[in-house]
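The following blocks contain the structures, represented as structure tokens.
Both complexes below contain chain A, partnered by chain B and then by chain C.
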Partner chain A sequence: MTAQYLLNAILTVLTPINLLFLVLSTTAGLMMGVLPGLSATMAIALLTGLTYNFPTQSALIALIGVYVGSISGGCQSAILLNIPGTPASAATALDGFPIAKQGKGGLGIFLATTVSCLGTIISVIFVLTLTPMLTSMALKFASWEFFLLSIFGILICGAITAQGKAVKGWISGILGLLVAMIGLDTVDTFARFSYGNVNMMSGIQLIPVMIGLFGFPEIVKSFKGDGASEIQKLTKFKAREGFKLVGKNIGTIIRSAFIGVGVGIIPGVGEDVGGWLSYWATKSLSSEEEKQTFGTGNPRGVISAETGNNACIGGAIIPVLSLAVPGSAPAAVLLAAFLMHGYRPGPLLMTESPDFVYNVGIYLVFAAIAMWVIALLMAKVTVRVLRMNKKILMPIIYVLCIIGSYLINYNMFDIKVMFAFGIVGMFLSYMDCPPAPFLLGVILGPMADSNLRRALRLSDGSFAPMFQRPICIVFLIVIAAMILSQLGVFRQLKKVNTRRKTA
Partner chain B sequence: MKNLIVSLLVLVALSGMVFAQGGSEESWPNKNINLTVPYNAGGTTDLTARALGNGMSKVLGVTINVVNTPGAGGSAGTLNVQNAKVDGYTMLANGMLAFTTMPINGYTDKTFRDWDIWIATYAPNTIIVPKNSPYNTIQDLIEAIRKNPGKITAGTAGIGSGGHFGAETVKAIAGADYKHITYAGGAAAVTATLSGEVDFCPQLLAEFKDLIIAGEVKALASLAEEDIEIAPGVVIPSILDTYPEAAKFVPMGEVTGILIPKGLDEAKLAKIDAAFQSAVKEKDFLDFCSLKSFTVNPMGRAESQAYLEKFASKACYLMYDAGATTIDPAKFGINR
Partner chain C sequence: MENKTKDTVFSIIMMLLGGYVVIESVRMARKAASPPYNITTLSVSPAFLPVILGIALIVFSVILLIMSLVGEKHPAKAFAQHITTFSTRFVAALQTPGILKMIGGVAIMAVLTFLMMGRIPFWIGGTLFMFATMLFLRATKWWKSLLSSIIVMAAMVLLFQVAFGTTLP
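And then the complex of A and B:
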């Protein structure tokens, strides 16, 4: 039976019209992903409207193609310009941009694209085999766990991005958390820091903040100093070198995919967090010596971040299929699209349309492969931006930044937000504070805030339940260990110990 | 030469603008219409709007683009439409619970009486509990609330959401308070019910219909006037079966429709009337509604106004009496 469904799904994709849809939608997704401001969520939402009158299977193929494409496309601008195309690829920029600076932009994109493809395919295997089991895992996450997970996310992002100065990363993260407090809170619908302004009341939108924080400083930087020295040389990229690196890091890829799927399953936590967690796991498991090279162009950084964010796709689709509860923002839009085409994801799916799960899985695999081919073809063109004079390139990027901010809500206010956070981003970069924790603070702020307050309301103000839940205890131990190690407590203990032994 | 080209270009651009202007006055609609949904894509309002918009565009002969402007409980997008030029190219799709309570929440001084409204669907609230819950009937739950006032938790999508109105109705029937736990949306509230974090969830039936059929949650009662059969053999009893005295509170649920600020001329309104009446009969729309267990209950402009007088009074006073707002509905001429 299973083989029959899989075969049918494959035959459906291979009809000429569906292949055309697959290629077109994946290309469109990649382009949306590359452009800062056009996010995966928006790409799927736009296509949902467009595919309303398509034949059902073609529409599903197009939607999944655009999802995979847009999550994967973000890495190209992150690597080439240090401006993540979507929030999901912020972790990729960390090592990707230094790789490009060394003139190996082609290699960086090849690695990111290949592991994106692999990450998606590994996550599909999870979708097809473990959906019921993993769903029950997602339900283990309640308010306390969400709160600790968001704090954990910001702490690791701060520790990773600020080279050796974790406190600066954490300052940046806490500033982001404060920005997230602006607007109507989700617990009591009380307007905070909005000063009676309707736009502020809606809260600060994520995308303009991201474009401002990452885009603005890069644009200004390109006009400092003389342009001639900015033009970089490109070393020719050899595919064999890329494949070798991927082969050598197969362990890292599988681990990152596991983490990505896990993060994707948890409702509300999506692709952006998946990349950071995988990156952190890879960095903390590597040797002392290698840890120093993260952030300066270590290919393993790119590999783990990109596998992690793409594996979230499969992860996020799991609760959509089994409970009709989306695991991430783009998956929420995908759920809407499924409903629109007459499928009812949820507990009845397996009895009502058992072929659907296999269709989705196979479409994901084909989308991943199509994405790999198209992204690498695109990269041949996009890599050239490295050779372009930054003083010509950056004004174009600047215009794209403004358009991207406006398109979120068709609201001029968001452009002003982009400017304001552009200036904040400049300050952060002068102070050596990384912008990524700030962004993650804005993403996870509402989650940390509302879950803590909700948990306290459920427990009548008592913190005790936090210490009685097994997942919470694991989080608390890891958080404590991270803070202590970053502050150098462990190193000092070791020193004291060795001194005692010698004495 | 260069000057000539520039001035020619300017001329072309200008004439284009003039013609575009002239055209829009003559035959409406002659360009795409934007239908604002003040929530994220994929929500119930969004899906209803898309299904309706698709049907209406067939009659109007232009594309209706759905524009999602989420924020501030739906008021940000609503105010956008309210402040936009009333030319028939900007419409709003909204749920009436959030919409009719906007003035008493301090978002605007305008009420539903300042809009032309076409109501399309009704979706009832339903009370569900986790599958391992000790409550098996609505009576069990109401008795528990009476015995432990302020202790039984209700998970909803927030203040002023459909679920909040459902919970307030339960409170009115029990005569005792519940503990309100708010989530970032209906899906999150339902997830919390599945994991057993809250005691009950009074959101809209459409949000967890399949979970009830699959037995993942138990449905105790709906706030509709009649029993609802959502699948062969799966019947959700009306709350009136057990508490007939609740008749003054039901039907409770979300009512969704299309809205335009008053000021559009009658000829254009008549075209929208026709498009709306045809859209609610489209097979795709009806299929979508039966999938979601919505009651298709189309009302024209006059009928909608009459219906909303009663509806707004119920919704506004429920919130005012619950202490969720301090602005008296009477200030806007909304009476009990």
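And then the complex of A and C:
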């Protein structure tokens, strides 16, 4: 029966009209992903309305195409412009931009696109085969685990991005968490940091914050003529060299795909965390000598980040299909689109529409392949767009940033929020403080807050249950070890021990 | 500018912000304890996480400040010197042509964001902004700037308003 479902799905996607939808939607997704400020969430949200009158399968293909395209497209501007097109590509910029600065922009994009395709395909294997097992694992997470998971994510991101000064990254993460506190809280609808402003009471939207933090400083720096926002060349490269690098790092790709799927399956934790965690794992497992090369143009940095964020797509779809709980923000919009097209994702899906899971899996594979071909063909067009005189390009990007901020809620206030967070981004950039943990704080803040409050309510304000849950204990040990190691406590202890031994 | 100088100033600003967050959160906790909320236990109050975050911000800022002063023979002197250096260099930087251009650009962006949006149609405001910024930055000849602004805005309207059926600001 499974083979029949898979075959039917392949035949559906291979019809000329569906192939056309696949190509058009993937291209649209890539363009949206490439342009800073236009996110995957926005791309799917825009397309959902457009697909209302489409045949159901064509609509599904188009939505999945735009999802894969937009997540993958973000790497191109991250590599060539040092501005992640989407938050998912923030980790890619760390090594991608230095690679482009070394005159290997073409190779960087080839690597990122190829591993993005591989990451998505590997994640499909999980969607199709390991869904029940992984779902039961994710179900073991309760409020305490979700709270600790969000804190863990921010601490890791802070430690990775602060270039040796983790404290600065953590401060940035705390600032992001504080921004997430603005508005009515989810448990008691109590207004926090709103100062009586109705717009503030509804909370700060993620997209304007993201655009402000990442896009605004780059635009303003270009006015000065700063080299940091210079668009790098898409240099020629030998495909054989690219494939060799991919082959050499197959272990990294598989590990990053596993991490990406694992992160994706946890509700609320999206592609950006998948990219960061994969990057962190690769860096941590490298030799001391190689660790120094991360952030200076190590291809393994790009490979791990891009595999991780794209593998998250499949991971994020697993809870959508099995629990109707989105694994990430774009997956949340995708869930709404599935409902709009008459599907009811959840525990009954396999009984009501058993072919649906296989359709989604096959559409993801075809979307990944289409993305690989189109992204490589389109790279020259992308570069032409991004290679324009930056004094002409940047005012255009600012207008796009305004549209991007506005379209999420059709609210003028969000444009002002984007500007305000742009100034915050400038301040953080001037102080050499990484903006990525800030953004992650804004993303994970609601999850941390609502789960901590819920857990404390259930335990009458006691923290004792947190220390009685095995997964929580693991998280607490890892968090404590990370803080102590980053503050150099272990190094000091080692020194003291050595001194004692020598004495 | 030396990293330690930046870290010192950054930690002071963050400490002040952390202090403000704690004070504001305590006010919040008091408000939550009164009707209609009547939440008297801090750990289940909506102010709990903000209090923790405020304290964490202060603690990490103190750690950063200590790290920026470690190895100095006279930490108090070094602290004062960092503050003076930062102020002097910041004022000096404000007078350089590059920074003045950045400030001018931000001012044009602020005019579009706060004065034009919602008051005049987006296509007019957007075109004027692009044209004005390109002129200010001397990006290209004035007529090329005008032409590219109009073409780009037309393309944006076509893509978002006509193709995607969305409403622009």
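Simple rule for what comes next: the second predicted complex is superposed on the first by the 479 of 503 C-alpha atoms of A that agree within 3 Å, B and C clash if a C-alpha of one lies under 4 Å from a C-alpha of the other, contacts with A are read in each partner's own complex, and residues count from 1 in each chain.
Here is the rule we use: a residue touches a chain if its C-beta (ideal position, glycine included) is under 8 Å from a C-beta of that chain, and two chains touch if they have at least 3 such contacts.
These figures come from a predicted structure and were not determined experimentally.
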Chain C versus chain B on the shared chain A, clash or fit after superposition
fit
After the superposition on A, what does A:Arg457 contact: first (chain B), second (chain C), both or neither?
both
Which partner does A:Ala142 contact after superposing on A: first (chain B), second (chain C), both, neither?
first
In the overlaid three-chain picture, which partner chain does A:Pro465 touch, first (chain B) or second (chain C), both, or neither?
neither
Does chain B (first) or chain C (second) touch A:Ile392, or do both, or does neither?
second
Scan A:Gly203 for contacts with chain B and chain C and give back first, second, both or neither.
first
Contact-wise, after the overlay, does A:Tyr410 reach chain B, chain C, both or neither (first, second, both, neither)?
both
Which of the two partners, first being chain B and second being chain C, lies in contact with A:Ile402: first, second, both, or neither?
second
Applying the document's definition of touch, where does A:Leu335 land relative to chain B and chain C: first, second, both, or neither?
first
In the overlay, answer first, second, both or neither for which of chain B and chain C A:Asp188 touches.
both
Looking at chain A, which partner touches more of its residues: chain C or chain B?
C
By how many Å are the closest C-alpha atoms of chain B and chain C apart after the superposition?
5
Does any part of chain A touch chain B in one structure and chain C in the other, and if so which residues?
49, 187-188, 410, 457
Listed in rising order, the residues of chain B that touch chain A in the complex are 40-43, 46-47, 50-51, 54, 65-73, 75-76, 79-80, 107, 153, 158-160, 179, 181-184, 187-188, 190-192, 194-195, 197-198, 210-211, 213-214, 216, 287-288, 291
So in the complex, which bits of chain A are touching chain C?
46, 49-50, 165, 167-168, 170-171, 174-175, 177-178, 181, 185, 187-188, 190, 192-193, 219-221, 223-226, 389, 391-392, 394-396, 398-400, 402-403, 406-407, 410, 412, 415-416, 418-419, 423, 430-433, 448-449, 452-453, 456-457, 460-463, 487
In the complex with chain B, residue positions of chain A that touch it:
45, 48-49, 52-53, 139-143, 183-184, 186-189, 198-199, 201-203, 267-268, 323-326, 332-333, 335-337, 339-340, 342, 344, 346-348, 409-411, 446, 450, 454, 457-458
Taking the touch rule as given, give the residues of chain C at its contact with chain A in the complex, in rising order.
3, 6-7, 9-10, 14, 17, 21, 24, 28, 31-32, 37, 39, 41-44, 46-50, 53-54, 56-57, 60-61, 63-64, 67, 98-99, 101-102, 104-106, 109-110, 112-114, 117-118, 126, 129-130, 133-134, 137-140, 145, 148-149, 152-153, 156, 160, 164-169
